Structures are given as C-alpha cells and as structure tokens.
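Below, subunit A partners subunit B and then partners subunit C, in two separate complexes.
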Partner chain A sequence: MLLSGDEWAIVGLSLQVSLVAIIGVLPAAFALAYLLARGRFPGKVVVDALVHLPLVLPPVVIGWMLLIAFAPHGVIGAPLARWLGITLMFRWTGAALAAGIMAMPLMVRSIRLSLEAIDPRLEAAARTLGAGRLDSFVTITLPLARPGVLAALVLGFARSLGEFGATITFVSNVPGETATLPLAIYAALQVPGQEMAVWRLALVSVLLSLCALIASEMLLRRGRGRDRETTGPSPHVL
Partner chain B sequence: MGRYFLLLRRVSGVLALLLALGACIPPVFAAPKAPLVLAAASLQESMTAAAEAWRRHGHPRPVLSFAASSALARQISGGGQADLFVSADEDWMDALAKAGLIVPETRKSFLVGALVIVAPADSRLRLRPAPGFALLRALGGGKLAMADPDSVPAGRYGREALQHFGVWDQVSGQVVRAENVRAALGLVAHGAAPLGIVYATDALAEPHVRMVGVFPPGSHAPITYPLARLRTSTNPEGEAFRRFLLSGEGKAIFRRYGFVAP
Partner chain C sequence: MSFDIALSFARGRRRIETTFVAGGGITALCGPSGVGKSSVLAAIAGLLDPDVGHVVVGGETLFDSTRGIAVAPERRACGMVFQDLRLFPHLSIEANLRYGERRAPPERRIVDFAETVRFLGIAPLLARRPDTVSGGEAQRVAIGRALLSGPRFLLLDEPLAALDAGLRDGIMAVIERIRAEFALPMILVSHSPDDVARLADQVVRMAPEPTSA
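Up next, the complex of A and B:
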C-alpha cells in the first residue's frame, strides 16, 4: 500500500485513538453491563436508555455535550484543568474520549448479552463449594464473559475508527492530534483534486473495518462453540 | 489461588499485546512548539500554502485545524487553547470579541472574497448579474447549487445578491441547498447542477468548473475573513505568523487562490 508519510501518521493516530478509547471505556462498559444484566433496581429502564443514547443521538449532539462538559471552561473540564492539569481540547485524548463514548453502547450490549447467557447456577454452585463472591466472579463469571468482552473490544474498536461528528464538534480537526481517518477524509473531500488521497484513505478505512468485523465474528463463533460445551444457549450479539 | 494466577496470566497476555500495539504507533502527543491556527474550512488550500511558505522561512510549520467557523468559535468559547483564529464571517469574530476571547488590536479583516456563478468547464455561457438578469433561462429547468442560504454564509450572500437583482423568487424553487459551499461546487463539477453560486476561490480550485459570472461587490454584504490572535495565546510564533499573513508576501499567497487582499 503506497501511503505517504502523512497518511501513515493519520492511520497510526486513528489506531492509537481507537485503542485508547476502548481500553479506557472497558471498565465502565463492563460495570454498566453487569449492572444491567444482574442488577434489579428502580430506574433500570432509564439507565438502559441512557447507556444506549449515543447509539441513536446525532453524533454532533454528543460532541456538543462533550464540549460543554469537558472544554476547559466546562463543568468537568474546569476542575480537570485546575486540579489535575488535564486538558482534552484539541488533544488526541479528547478524540479518544469522544470515540469511547460513541463506542460505549455497542460494548455494553455485547458484554451484557454474554453475561446474561451465563447460567447463574454455575456461580451459585461455586458459592456452595466455598468460593467467595469475588472468587466466583473471577473464576466463573469473568472467564465465561470473555467472548463477549473480546467481541465488545473489537466492535468498539471498529466503531471508534469511524467516529466523526462528535470528534470534529468537540476537539476540532487538528492534524496529528484529532484528525483521524474520517476527519482527514472529510478534509480531503473539501479540496478539489484530492480524489487519490480520498481513495487511499477510504481504502484503508474499509480494510481496517473489515478486519475488525471479521475478527468480532470469529470471536463470537469461538464463544458460541465454547458455550455449547459448557452453558448451552449462545449469546447473540446484535 | 492458582486459578487467579492463570487468569492473571491470560489477562496480562492480552494487555501486553494491546500495549505492544500501542507502542509501535509513533507517539504524536509531544507538545508542539508550532502555533495552532483555527481556520475556516474555505481557507484550506490558501492557508496551507501560507503555512508552507512560513516553514520555508525557517519557522515551525503552524498546525492548522480546518472546520466550520461556527464549530471553531464554539471550541474557543469553551476555553480551547489556540493561537490564531480566522473566521469566514465577522459575526463569529464579534461574538468572541464580546466575550473578551481575542486581543482586539490584533483583529484585521484581512481577506475579501468575491461571489461568482459557476458552470461545468465545457459551458459557453456568460452571465452579467444585473437587475432581472436571465438566470432562470440559463438554468434551463436544471438546479441551482448553492450553500444553504439559511445556515451557511456563502448561501446567505448568494440569496442576498439574487434578491438584490430581483431574481430570487424566480429561481428559489430550483435551488439545491448544499451543506457547505464546497459541496455546492461539487454538484456543478460532477454535472448534477448546470449552475452554482460559490466563492471565486472555490471556482479557481476546481478545474471542472468555469466562472461564468461575477456578482458586483455592492450586490451583497462584504465577504470578509477576519483574523485575530486569541487572548490565551502564549506562543510568540502565533503572533509572528499573524504578522506574516498580513505582510505583502502573505497576502500575495492568498491572492493566488482568488481572494482580494486589501
């Protein structure tokens, strides 16, 4: 593939932003998925709806909300900057936050379905055999949820790679910091005669997304095979 | 306990893999010494050329972020730290000035744009915008591509000019509203519309279109691009680049791309 140095940098930045986004969001996504799969509490429907909001809201709305919250004058951004010296504005970390928020619903969904497919009696059995809560969680729940977690990471990664609206609204289009593949493609589309650059970057996008989708499908199949041996019903993600 | 170790080993394997993946990506988070310039999307080619020229003078190449003036202004209002802002209209600069976010004495309306009518490159048409000019006949039932007159400055100027000459009501039913001026340009370049209203700079950038008419300056509000240094700018390179943009050499670059630089 004949990409220019700048174009490789764009691909590298996109991978970096997406990887950090999904790793950063994973603990929160797992906690929410666990809450939604196992928890019984008033207002669960509302939490469920809130978690899914980024999936259906226009990304530009999420970007605007992130701007209000995390800009250096924002409700969260101001204390972050004052106490911790962290600014997300115009930084790749801000792009990762936007991508992570947008990927969160898909990740929660995927993990939740694999948690729900775990037979609670397995955990109960472990408890009766003397395992503590944490012990049964770590030795039974986590390993059985692993296919869902891996699928969540891959799906979230693919979603993050495509994030555009929230990113450009929140952290602008700064080359080397926030100008990921979709933003670079959009910028190139604004310039007549840049069709070849658009083609190259679009092709990279297609390849990366295809790899991620195929990987998630393979992970799911492996997960299903394992389920048939152990717990029975297979989790259907999406 | 052994099971914990097994799990830890597995988890750490995955983590190590992810970290390794992260590590082979070139680090891009080293704080740049170069100034950050937020510029209206329509300045993409000209401002990039100016930044390149500045680099050839031995300065760090300014980092340029191109987006809609509105989005950039909101990012600045939110406290975003940058050095220079070049807006495609005065309104957004006014808003920032009112909020005390720019240094007032550094504000200059340094570029003036012209509004033109374009047609596909093989067109032999010539139009002279004047009261009641034959735009409707020139369209021949086709569409008139322009940026959305309700939300995009280029579209607003276009509607104003057509209203000035009293032809807006005849053609408004045939207007296709594009999301930005470059999208309108694309519609003409790809043959989806026989005519479009764009800036002269856009017409010069696209070899597949031809300028077939120019709106006289009095027919619409002046199209000016204000430039200012931001209050939060601490990088002396920002001010230096601002002075370069306003210099004879800087203005000459923008003239090449179809701007009028007074």
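Up next, the complex of A and C:
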C-alpha cells in the first residue's frame, strides 16, 4: 500500500503517541492494579470505580476535564508551566496523556487479573527462603504477572491508537502535532476529494489494530501455557 | 537447640493456643484437623504474628509480644516445607532449589547443592518445571529447597499426607537421614499415628479450644 509522506507522518505520530502513552501510564496502572488486587482499605470500591471511569464516561468529558486541569491557569497546567516550562495543550504529549488515561482502565484490569491469579502463599514461601519483601516481589510476583503486563501494554497500545474524543477535545486536531490516525481520518472526511486518503488511513488503522489484538492473544496463550497453575482467569476483552 | 513456644492467636472465630518446649530431633505436632497446627508452623516461621506469646528457637528470640520482638521471616533461618509445597511455577527445579541457597549467608549453609541433589535423588529433574514432576518428586524438591536455604531448624507441614505408601517410605527415610546427618531440629505436623510413631522423638498434642464467641 502506498502512503504519501504526510500519511506516513500521521502513522508515525500515532505510533509515537500510543507508545509514549502506554509506557508513561504503565507504572501508575501497575500500582493501581496492585492496590486493587492486594490492598484492603476503606474506599476501595470508589478507587475501583474511578479507575474504570474513562471506560464508561463520554471521552469528550475526559478531554474537557484534562482541558480544565492542564489549561495555562489550571490546577496542574499552571505549576507545570511555571516550574517546568511544560505545556501539554495542543501538543503531541497532550495527545499521549489523553490516550494514556483512556487506556488506563484496560491496562489496570489486565494487570489486576494476573496479580489476583498469583498465589500470595508463593511470596510467603519466598520469605521463608530468605527473600525480603521487595526481593520476593521482584523475583516471584513480577515474573508471574508478566503475561498480564504484556497483555496490558498491547491492549493499551491498541486502545491508544483508536483514541479520538478525549484527544480532539483536549489537544485539538493540529496536523503534524496532534492529528493521529483517527483525527486525521476525521479531518479528511470533512474535505471533498479526500476519499482515497480516508481509505488508506482506515486500512492502516485496521491493520495496526488487528496486529495488536493478535499479539495480545498470542501473549496470553503463551503465558497460560507456561504458568498453567498460577494464571487463572485471563484478561480477555474480546 | 530447642524450641520454646507459647502462642495464642485468633484465626477467624477460633482461638489457637499452644505452649510447648521441645529439644532437638523431631517433634511431632498432632491434633485433630482444624486445630491450627499449620497456623502454629506459620507463626514459628514468622508468616503470621500471634496476639500473645513467644517463639524462642535455640536461645534466639524470634517473636515476643511483651518485648515487641518480631523477626522478619526472611531472617529466621527456618526451613519450611509447606503442605502445598509452593514450588515456584515460573522457575526450573534447579532455580527453585537455588532460590534459598543463593540468599543464605555462606556460614549458615549446611549442605552443598550437588550433595543435596544426590541425597534426594532429584538430579534428572533439575531442568524441568514444577508442573511436570510427580507429587513425590515435588515433595523431595520442596525438602531440598528448604535444606539448601541454610536453615537452623525445619518445619514440615504434613510432608507425607499426599503420598502413597511407597513414596511415604522414601520421604520418611529422607527425614530420618536429615535428623541423623544434619542434626537439624524439626517440627513435623502430622495426623497419622503411624508416621508419628516411626519418626517422632517427642509429641505435642494440640486440643481444640472452646470457641469464644
């Protein structure tokens, strides 16, 4: 398939935004997943609900919230600009943030399921063998959670590639900066004579999404094959 | 080397209490199922803290509620063989065996790797995963893993319960050899009178407490 230079740039930008989104969000997603899988604290239901909010809220609402928070005088935007000289509005980094937040619930869910399937008694066994808390976490829990983490990355990546509503609300549709695949397709749809460009970009979207989903299924399958006894329910979303 | 144990703690609605002093050799901890034998082992290993009591092993206080002492499990040098074995499913048998060995300070090591593998007859298993070995083999690996971790004492939770007669004899022989060759004091949880009669140097019986509402 032949894409024009601009179209390759759109694909490149989309991949960049999605990769940065999932890698940036991963530590928070893991921490939240761990908290929800292992933590016992009052208000856990509320945290659980908040984490899942981007899954059910209209994306435009998330985008609007980000806009309020990261505006030059917003609660996060103001200190970011003053202390670090960073602004996310109308930037690809803002698109990555929006995509990351929208991907967060899927990622937390996938990691949480894999953590919940890990028998905590294995960590207790590691402790009696001389491993401290951190040691047993790193050598037992993390490796056993790996299939879930990998699946989270792939699913989050696929979700980020498709992110539209929050992104266009928060960072607008700036060609070459925030116009990722879905936004570029939307823009092309508004212009007469751009039908072929829409076809090409749409096909690329389908291909990328298919690859991500197949990769996630393969990762899960491999994880299940190897850790048959510890990975219980698998985090399928399909 | 001796055990001086006094424990009292709540598990759900039950109260588990036991007090005993035991010397070296094998001490069998007996009692009806559900009386809290496994919980007592877990408390000695440091995996759960009793409400009141003390755990002193070989003169070293590992837990004392009145003095606020609770040594972390990884510093108790206790070789625990769990009833459900708990071999690490993502590691090879060799990596399972080496897990505790690598973390044990050299001066605490009592056996070397090759010797343990030969003694337990598990050399052919080393490259395999825990889910591909039989119950009797897994039991040997769990014992080997505990021995290699440089323990000062062993806690064995029903090491014979899941095995058929032929394998039981093999594991009993292993336990007797550990007693003879390493002089490791052991607490053995068992509800089989035959096993206790053959292995135990002394017997501690736990009686069910009346449930406190």
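As a working rule, the second predicted complex is superposed on the first by the 228 of 238 C-alpha atoms of A that agree within 3 Å, B and C clash if a C-alpha of one lies under 4 Å from a C-alpha of the other, contacts with A are read in each partner's own complex, and residues count from 1 in each chain.
Criterion: a contact is a pair of C-beta atoms (placed from the backbone, for glycine too) under 8 Å apart; a residue touches a chain by one contact, two chains touch by 3 or more.
Predicted, not measured: the structure shown is a model, and the values here were computed from it.
Putting subunit B and subunit C on the same copy of subunit A, do they fit or clash?
Fit.
By the touch definition at the top of the document, which applies to A:Pro143: first (subunit B), second (subunit C), both, or neither?
both
Hey, in the superposed model, what angle do you get at subunit A between subunit B and subunit C, Cα centres, nearest 10 degrees?
Spelled out: centre of subunit A as vertex, angle of 170 degrees.
Would you check which partner chain A:Ala37 touches, where first means subunit B only, second means subunit C only, and both and neither mean what they say?
In the superposition, A:Ala37 contacts neither subunit B nor subunit C.
Mind working out whether A:Val51 is in touch with subunit B, subunit C, both or neither, as first, second, both or neither?
So A:Val51 meets neither subunit B nor subunit C here.
Residues of subunit A touched by subunit B versus by subunit C: which partner has the larger set?
More residues of subunit A are touched by B.
Please work out whether A:Ile185 is in contact with subunit B alone, subunit C alone, both, or neither, and reply first, second, both or neither.
neither
Going by the contact rule set out at the top, does A:Ala126 touch subunit B (first), subunit C (second), both, or neither?
second
According to the stated criteria, A:Met104 is in contact with first (subunit B), second (subunit C), both, or neither; which is it?
neither
For A:Pro72 in the superposed arrangement: first (subunit B), second (subunit C), both or neither?
first
Rounded to the nearest Å, state the minimum C-alpha distance from subunit B to subunit C in the superposed three-chain model.
8
Considering each complex separately, which residues of subunit A are in contact with subunit B in the first and with subunit C in the second?
139, 143
Flag every residue of subunit A that touches subunit C in the complex, lowest number first.
Residues of subunit A touching subunit C: 119, 121-122, 124-132, 135, 139-140, 143-144, 226-230.
Under the definition above, what is the set of subunit C residues touching subunit A in their complex?
For subunit C paired with subunit A, touching residues are 42, 45-47, 72-74, 76-80, 82, 84, 86, 88-90, 99-100, 103-104, 129-131, 145-146, 149-150.
Along subunit B, where are the residues that touch subunit A in the complex?
The touching residues are 3-4, 7, 18, 21-22, 25-26, 28-29, 32, 36, 38, 41, 44-45, 63-67, 71-72, 74-75, 77-82, 180, 182, 185, 189, 205-208.
Help me check something: in the complex, which residues belonging to subunit A touch subunit B?
Interface residues on subunit A, with respect to subunit B: 9, 12-13, 15-16, 19-20, 23, 64, 67-68, 71-74, 77-78, 81, 87, 89-93, 138-139, 142-143, 168-179, 187, 189-193.
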